[in-house]
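Which chain is which? They are A, B, C, D and E, in the order written, and residues in each are numbered from 1.
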Amino acid sequence: MTTNLLELLEKNPEAVDEDDLLVVENLVIQFAAEKKSHVRAVNHVNFNLKKRETVALVGESGCGKSITSLSIMGLIPKHAGDVLGSIRLNNKELNGLSPKKMRQIRGKEISMIFQEPMTSLNPVHKIGKQIGEVIRLHTKASKEEIKVKTIEMLKKVEIPRPDKIINDYPHQLSGGMRQRVMIAMAMACNPSLLIADEPTTALDVTIQAQILDLMNDLKDQFDTTILLITHDLGVVAEVADRVMVMYYGQIVEEAEVTTLFTQPKHPYTLGLLNSIPNLEENKDRLDPIVGNVPNLGEITEGCPFRFRCQFALEKCSTENPPLFNIEKQKVRCWLFEEEGEVS
Amino acid sequence: MSGYIVKRLFTTLLTLLGVSIIVFLMVHLIPGDPVTYILGEFATEEAVNKLKSELGLDKNLLIQYFVFLLGVIQGDLGTSYITGLSVIEEIINRIPVTFQLAVFSLIIGSIVGILLGIIAAVKQNTIFDQLAMLISLVGISAPGFWIALFLIYLFSYLIPIFPISGYDGIYSLILPSITLGLGTSGNIARMTRSSMLEVIKQDYMRTAEAKGVNVFQLIFGHALQNALIPVITLIGIQFGNLLAGAVVTETVFALPGIGSLAIDAIATRDMPTVQGLVLFMAFMFIVVNLIVDIFYSVIDPRIKYE
Amino acid sequence: SETETSDGQAEASEGGTIVVTSVREPDTVDVQRTTWVDDANNHLYEPLLRFDFDGNIVPALAESYEVSTDGLVVSFTLKEGATFHTGTPVTSDAVKISFERFIESSPTSYMIGPLKEIKVIDDRTFEFHFSEPFAPFLSNATVSYLAPLDPSVIGEYSEDLTDVASSAGILKVSEIKRGSSITYVPYENFNLGPAYSENKGAATFDEVVFRFISDDDTRLLEFKRGNSQIMMSVPPNYIKELEADPNVTLERTLANGHVYLGFNNQKPIFQDKNIRQAIALAVDRSTIVDFALEGSAQPIYGPLPPTIPGYSQTVEDEAAAKYARDLEEAKSLLAESGYTETNGDGFVVKDGKPLSIELWVTQEPTMQRIAQVLQNQLKEVGIEIRISVQEDATIRAQSPEGVHEMLLWTYGWYDADILNSMFGRGLSTRVHYQNDELISILEKARVVVDTDERMALYEEAQRIIVEEAPWVPLFVRENVLAHRDLEGLKIHPITGTIIWSDVKLKK
Amino acid sequence: MKEELLEVSDLKTHFPIQKGILKRNTGFVKAVDGVSFKLAKGETLGIVGESGCGKSTTGRSILRLINPTSGSVKYKGKEVTSLSKGELLKLRKEMQIVFQDPYASLNPRITIASILEEALSTHSIGKDKKERREIVLQLLERVGLNRQLANRYPHEFSGGQRQRIGIARAIAVNPTLIIADEPVSALDVSIQAQILNLFQDLQEQMGLTYIFIAHDLSVVKHISDKIGVMYLGRMVEYASKDDLFSNPSHPYTQALMSAVPVPNPLMKKEKISLKGDVPNPAAPPSGCTFHTRCNACMEVCKTIKPKDIEISPGHVVSCHLYDSAYN
Amino acid sequence: MSGIITSKNIDPSLIHLQKNNTKSYWQIVWGRLMKNKGAMAGSFILIFFIGAALLAPVLAPFPIDEMKMENRFLPPSLDHLLGTDEFGRDILSRMMHGGRISLMMGLVAVSIAGITGVVLGVISGYYRRIDIYIMQMMDILLAFPSLLLAIAIIAVLGVGLTNAMIAVAISVIPSYVRVVRGAVLSIREKEYIEAVQALGVSDFKIIVKHIFPNVLSPVIVLSTLQFGTSILAAAALSFLGLGAQPPTPEWGAMAYVGKSFLLQAWWMSLFPGIAIMLVVLGFNLLGDGLRDALDPRLK
C-alpha cells in the first residue's frame, strides 16, 4: 500500500475548486513502533473543506481524529511520526513547509482550540498576555493596539469586564470562560480555518450550548471555516454542515449532515446512531456495536470494522474497501460496491 | 497573597520552635558536664557550683529551656565554653565567608544545572541528553572532599593559579565554590530536566505552538517559568545543604566560616557553640525556604490565591 | 627560589611580613581565661622567670628573685624600664593586680599553689607569701599563664580582654580575625631580650601573621608554595618530604612530656601488676616511633622526659632494660595471671573470657596510627585491643570519672611536679593510680625547697612508678617546625617556643 | 404501591473549607444540601446535574463512604447514618457502587480474578478458594467477559471491559442496590450502549435497584424510572421519567432539556439559554441558588430559599414559581 | 448461569488478538529495566562492587590488618594493584573489606529510614487527622540541612560507625515520609480504594494489599537513590573524622587517612574516593532506571 502512494497521487489530479479552502489528499500518518516497524494511525485520508463550511469529524476514541488535525497544523513532531500526502490550504502545500513558514501560518491562517480548557492555557501568564501574544506574533501592532485588540476579542467572545480579565490568570476563570478565552485567542488573527478538537466535551451541557452558539456566531462574523472534531453525534447534528465518520484511521463515510442522519450507509455509522439514547424518542434497548474499538496496529488487513460488523462478507477479511461515491455521499464498504463508484 | 504569607510565617514559627526544642534537648542530653570542661579537672567543688548556678544549670530543664528561648529571641545564643565569646558574635564573624561560599556555589550550581537540564530536556534521548545527565550524575556521586582534594592538587599545587587555603577575598572562594557547586548543579540539572519534560507535555505548550511561537520563545517564554517552579524549591533546599556541605569544604580549604567553626566546636565539645550554630543554620534554612516560597508565589500565580 | 649574593650569603633584611601556619587557634588571647597557650600567643607575654637553654631558671621580667629558707616567701625585683604594650610601666602594683585577677578567675589558678598574699614592697619589689612551701612555683612562674597582664587594660575591660590583650611580651596584637588569623607586630619598646638572643630590643620585622589551618595537607601546601615562612606542627609523614627540600629548615625539639598508654588502674584487670607489666613488655616503641611518627620522636621508658628537670638518665636506663620488648616474658606474666591461649584464635583467655581491652584514642591521625600499631603489637601476646575513638573533649571530661579502660594520652609540663598531678592523692584523673608510698614522696617533693633534695625524691618516685607500671610511657614527641626564607630563628630547646628576637626575613 | 427500599430525606453533606493558619473551618462546601427521595425495589433513579452539583457526594453519602452531615437515609426501614461498624459491613453487602473512571477504579497491581475474589472473601461468600474461583469465573461470563481472561491484569483490558469488571465486582456480593456514578461517561458511544444494556440485563436477572448518576440527560432518560435533577447540592426537581419529560417544571430542568443537543439535524428546537456559569458551591448564591441564571427569576428568589412543592403526585419541584404564597 | 450469555456478547476480537502474553506489573517492569542502558550499567557497577565485597574474605589477596612496615607506601603494582598504605597494608584488600562496611552503612541507614519513613508516611497519608502532626515533625527535621543534622546527632551520640549510621538514617527519614505520604495521598484518591472501602474491606487490609504495593515503587526508587546518598554522607562523616575509625577500612575513613599522604601516596585517597563515586553512581543509575521502569503509567 505504501509503494503506490505516488501512483495514487498521480491518479488524482488536483481537482481545483475555487471554493476549496483546505484539501487533504492521501494523508498517511505513521508512528514508529517496536522493532523498526511502524503503525499507521491515519491511513489514506482524503477530504476537503469549503470556505465558510462547518465540517464535523466524528469517530470513537483513538481513531485518529486529533492527529489528523495536528498534521494540518504541522504539529506532529518529526521524530515522533511521519506525515505523508498532501495538505493544501488555499492551494498552498503545507506538508513539508519549513518550520518557520509553518509558524507564520499557525495562529494566523489556521487556529486551533482544544478539548481541555482547564489545561490549555499557560498557568503562569496573564490572560491578556496570552491573547496578545498571537497578535504580536502575526501582526505589526503596537503594544497599545494589541491591548485594544485583545479587549475587543474578549468582548466578541462575550466575556464580561474584559479590561479586568486581561490581568487575571487562567486559574481564576471557570472552564467555560477559559474556553471562551481559547476561542478569542484562536480568532484573534482572523484565521480562515478554525480547528476545534472536542471543544465542548469537558464542559457541562448548558455551557456547551453557550459555546456552540458562540462558535456559530463568530463563524458568521469572521467567515471562518470550521473543522469540528467530536464524538458527540448530537453536537454534530446541531452545528455541522457536513460530516465525516472516521474509524481506525480511515474515513468510512462522508455526507451532508441530514443525509448522514437520515440515510446512514456504513454499518459503523448505523451502529453509532443505534447506540445512542435519544431525548426525543424512547428506545427500550439500545442496539450497540459489539466488540471493542481496536488498538492501533491490531488489524493489518481487510476491512478494520469487519470484526464488529453484522454484515461482514468474505471479502471484507481480505480486502480493505475503497471509498464508494453514492451521489454526494461517500462510503467505505463492500456492501456498496455495486451501487457506488470508486472515487 | 498576604494571607498565604501569614500562614507560611506561622508554620515557620512553629517549625522554629520545634527546632529550638530539639536543639536544646540535644545539648542537654549529652553526657558529660560542661562545667568540668570549662574549669578543667582540678577545679574545686565550690567553683563548680558557682559556675553551675551562673550558667543556670542547677535549674530544672523546663526553666532552662525558657531562659534559653528568651535569649534566642533576643538574639543571644549564649557564650562559648571555650572562648568565652558570645556565640552569636562568633557566628556573625564567620557567616560572611560561608554565606558568600554558599551563594557563589548556588549561582554556579544553578546556572550550570539549569543549562544542562534544559539542554538535556530539549534534546531528549540524544547523546547531548545522555552526556548532560552523566555529568550531573557524576557531580552528585563524587564525594565533596574528594573533589576538593582533586581541585587543590590540580589548581593550587600542580598549576598554582588559585590559593590553596584560607580566606583572602572572593578569589579564595573560587575553588571551594566549584567544589560545592558541582554537586548542586547535578541535582538542579536533573530536576530541571524532568520538570522541563513534564512541562513540554502539557496542553498549554501545544496551545503555544498552535499560536505560531518559535522554539526559543517556546522554551524560554512558555516552558521555563513553569518548569522552574519545582526547581526553585530544590534550590532553596540546596541552599541549606550548601550551608551544611560547607562543613567539609571549609575544613579542606581552611576557610573561616561557620562550617569549620562547627567542626572545631564539636571537637572541643563546645556545646553552646554547637547549639547556636545548629539553631542558626536551621534558622537560615527555614528563612531561605520561606523566601523561596514567597518568591514562588510570584512566578506561580496559582499559589497566591490558594 | 631565593637570590643569593655573590659571597654565597643570603642577605637578610629588616621589615617584612612573616606568615606562620599553625593548627589550633588560641581560644582567646586573654591568658587568664584559658587552659591553652602555645606558640601562637606565647610571645605576647613576658613571665617573671624563664628557663635558659640548659633548663635552669633565670630571671626574665624579674631582674632577680629570692626564696626564703623556710620556702614560704619568694621575693622578686622587677627589671628597670619594662613596660606593657600600652606603654604602662610594669610595676609591683601592676603585678599584684594582675595576679589577683589570675587567682580569682583563671582556670589554671592552681598553678600558683597555696599563696597567701602578695606584698608590694616598692615600685619594683614585691613578695609572694605562701601558707606552706610550694616548690613548683618557680617553674610555674616561667609559664605564660603566670605572666602579668596590663592593669590599665584590666581596669577598663576586666572581663573580656580578648580584643585588647596587653602584656609585656615581644609581640603585640595587631589584628584578630577569628577563625582565620591573628596578626602581631613587634612591641616597639621591648627591651627584655633574654640572654640567649642577640637582639635584646624589639624584633625587626614588620609583622607576624599566624594563620590557623587545621588541615595538615593544606598547611603543608601553603608552606611548600612559599606562602608561609613557618609551618608549625609538621605532621610526621611530611618530614621526609620537607627534609628533601633545600629551602626548608626543620627544627626539632623534644616535647615537655610524653605520650603514654594509660591504664585505668581502678579496673580489676589492671589491679593485677602482671597484666600491666605484660603490656609494657609487649610494646615495641621503636616501631611506633618509626612508622607511626616517621621517626620524629624519641622512645621513652621512664616517667619523665629529658625536657623536664627531674629527668634521670639512670632511671631511664633501668626502665629501658626492664621493659625492653620481650614477648616471651610478657606471655609468661599473662600465664601467671591465668591468661593463656587456648582456643587457637591467637587471643589469651581466662575462665573463657578473652583479654580484650578498649582503648580510647583521640581523632588525631597520628594517635590513631599509634593505636593501630599498638593493637597489632599487643595482638602478638594475645591481647585484643578495641580501638574506640573519642573526642578530645570527651576524654578530658570522662576519664576523671574512670569510665575508660585504657587510653592513649599525653601530658606536657615544665616541672616534675607533674607526677603529683598524675599520681597525687585524688588527682590521678587519667590512670586512677593511688599508691600511698608514692603519694607521700610526691607530696614531700612539693614542699622541699632544696633542689637537689627535691630531685632525689623525684628519682625515688620514678623508680616506684617504673616498677609498678601504672602506665606505659611510649615516646617523647619531637615538635617539628619547618621554616624557610628566614634567618636567626631559634627554638628554645626546653620549652620548644620560637624565639622571635633575632628573626629576619631573607631577601 | 411498591415497598420503598430506600428513603432519603433532607440529606446534607457539607465539607469544611479549611483555611488559614490553624486550618480553621472558614466555611463549608455544601456539596449536598437537602436531598430527599424515595426509591422502590427494582426501580432505577437517575440523577442528573452539572459537574460539581453534588451527585457523587449524594451517592457516597448514602453508602456512607462519606459521613453525611445531617438528614436520614433509611434502607429497608433501617437508618443507615447511625450504623455501627459491624452493621455497616452488612450494609456493604447490600449496597454497591460502580465508578466512572474505568482506569482508576481497578488496582493495576492485581489480576482481575483476585479483585473479584477479594469482594467474595470479604463477605465470606464461597466455601473455599476453589469455590470462589468458580464464582469469579461465572461472574466474568455474566458481565460478558471470557473466563480465560481471569488471570490478566487490568491494563490489558479496554475501557469498556474494565467497566464490566467494575460491575462484576459490584454484583459479586449479590447486592440489592447499586449506585452507579457516571458509569458510562468515560466510554465511547458504542461501548456506552453495551454497558447500558448490561445494566439493564442485570437488573432484570437479579432484580437490582439502581441509583444511576450521569450528566447526560439522554442516558438518564433511557435507563431510569424516576429522575432527580440536581443543582448546587439541591434536588430541584424530582419526578417519574414520564412526568418529568412531559412536564418539566423547574426552569433549570427546562433549560437543561433544551440544551441537550439532539442527534437529529432536522429537529431544530427552541433553546432556552442560561446565562453565566455554575456558581462556586463554596459560595452559593443566596435564596434560590439558581436565581443568578434563571430566566424566570423573581425578587423573592434572591432572598428566600424555595421549598419542595409537590405539584402532582410524586412530582416535586423546588421553585417559588409553584409556591402559591408568591404567585 | 452461563446460559444467559449469548456468544455475541463475548468479545470475539479479544480472544484472537491477545495471545497468552499476560504479564504482571513486575514482569513488565523487569522487561523495561533490562532495556534501560543506564540501569544496566549501574547494576553492572553495583554487582561488581557488591561481589567484591561479599567475596572479600576469599578473594582479597592480603589480610587487612597485618602490618608490613617494609611494604609501606608502595605505589600500585602487580603485587599490590592499588598500592599499599602507611603500614604496608594492601589497599585493594582493605577496599574489598571496606566495601562491606560502606555498603552495610548504606543498607542499615536506608533500612532504618525506610521502615520508619514508610510507616510514618503511610499513617500520615492514610489517616489525615494525624497527618499535620507528622508533617510538622518532618518539617522540623527538614529544617536541618541533612549533613548538619547528622553532625549534630553525632555531637550528641559521639563519633563512630554506628552513630554515623543512625545519624544518616535519621536525616533521611523525612524524604521517605514525604514520598510515601505523597504516593499514599494520590492512591487514596483512586477510585479503586473507594471501591474496596465500599466492599467493606478493613483499613489494615486496604493498606497492606492495595496501598502498600503501590507505594513500593517510589520507595524502591528512593531507596536506591538514598543508598547512594547515605554512603556518600557516611563517607563525608568519616572524612570529617566523625564516622568510621581506623583501622576500619571504611572508604571515607580510608580517604581521610590517605589525605594526609596525598603528596607522597596519592593512591591512598584516590582509590577509595573513586570507589565511593562509582558505587554512588551505580546506585543513581539504577535508581533512575528503576524510576522509569516503575512508572505507574502502564502502557
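We adopt the following convention: a residue touches a chain if its C-beta (ideal position, glycine included) is under 8 Å from a C-beta of that chain, and two chains touch if they have at least 3 such contacts.
Only a predicted model underlies this, so the values are computations on that prediction, with no experimental measurement involved.
Note on connectivity: the fewest chain-to-chain touch steps from chain B to chain C number 1. Across the two candidate interfaces, C-E and D-E, the one carrying more C-beta contacts is D-E.
Averaging Cα coordinates per chain places chain C and chain D 88 Å apart. Chain A and chain D have Cα centroids separated by 33 Å. Inter-chain centre distance (chain A to chain E, centres taken as mean C-alpha positions): 49 Å.
Each chain gets a centre from the mean of its Cα atoms; for chain A and chain B, those two points are 53 Å apart. Residue positions of chain B with contacts to 2 or more other chains are 11, 149, 157, 251, 263, 266.
Each of the following residues of chain C touches two or more other chains: 217, 363, 391, 394.
Residues of chain A in contact with two or more other chains: 290, 292, 308.
The residues of chain C lying in touch with chain E in their complex are 216-217, 220, 235, 237-238, 240-241, 287, 290-291, 361, 363, 365, 368-369, 371-373, 375-376, 387-391, 394.
Per the touch definition, chain B reaches chain A in the complex via residues 202-204, 206-215, 222, 225-226, 299-302, 305. Taken in their complex, chain E has these residues touching chain C: 65-67, 69, 72, 86-87, 158-160, 241, 245-247, 257, 259-264.
Within the complex formed with chain D, the chain A residues making contact are 60-61, 174-177, 204-210, 212-213, 231-238, 240, 257-258, 261-262, 271-280, 283, 285-290, 292-293, 295, 308. Residues 11, 14-16, 18-19, 22-23, 26-27, 29-30, 133, 137-138, 140-146, 149, 153, 157, 240-245, 247-248, 251, 262-263, 266, 271, 274, 278, 281-282, 285-286 of chain B touch chain E in their complex.
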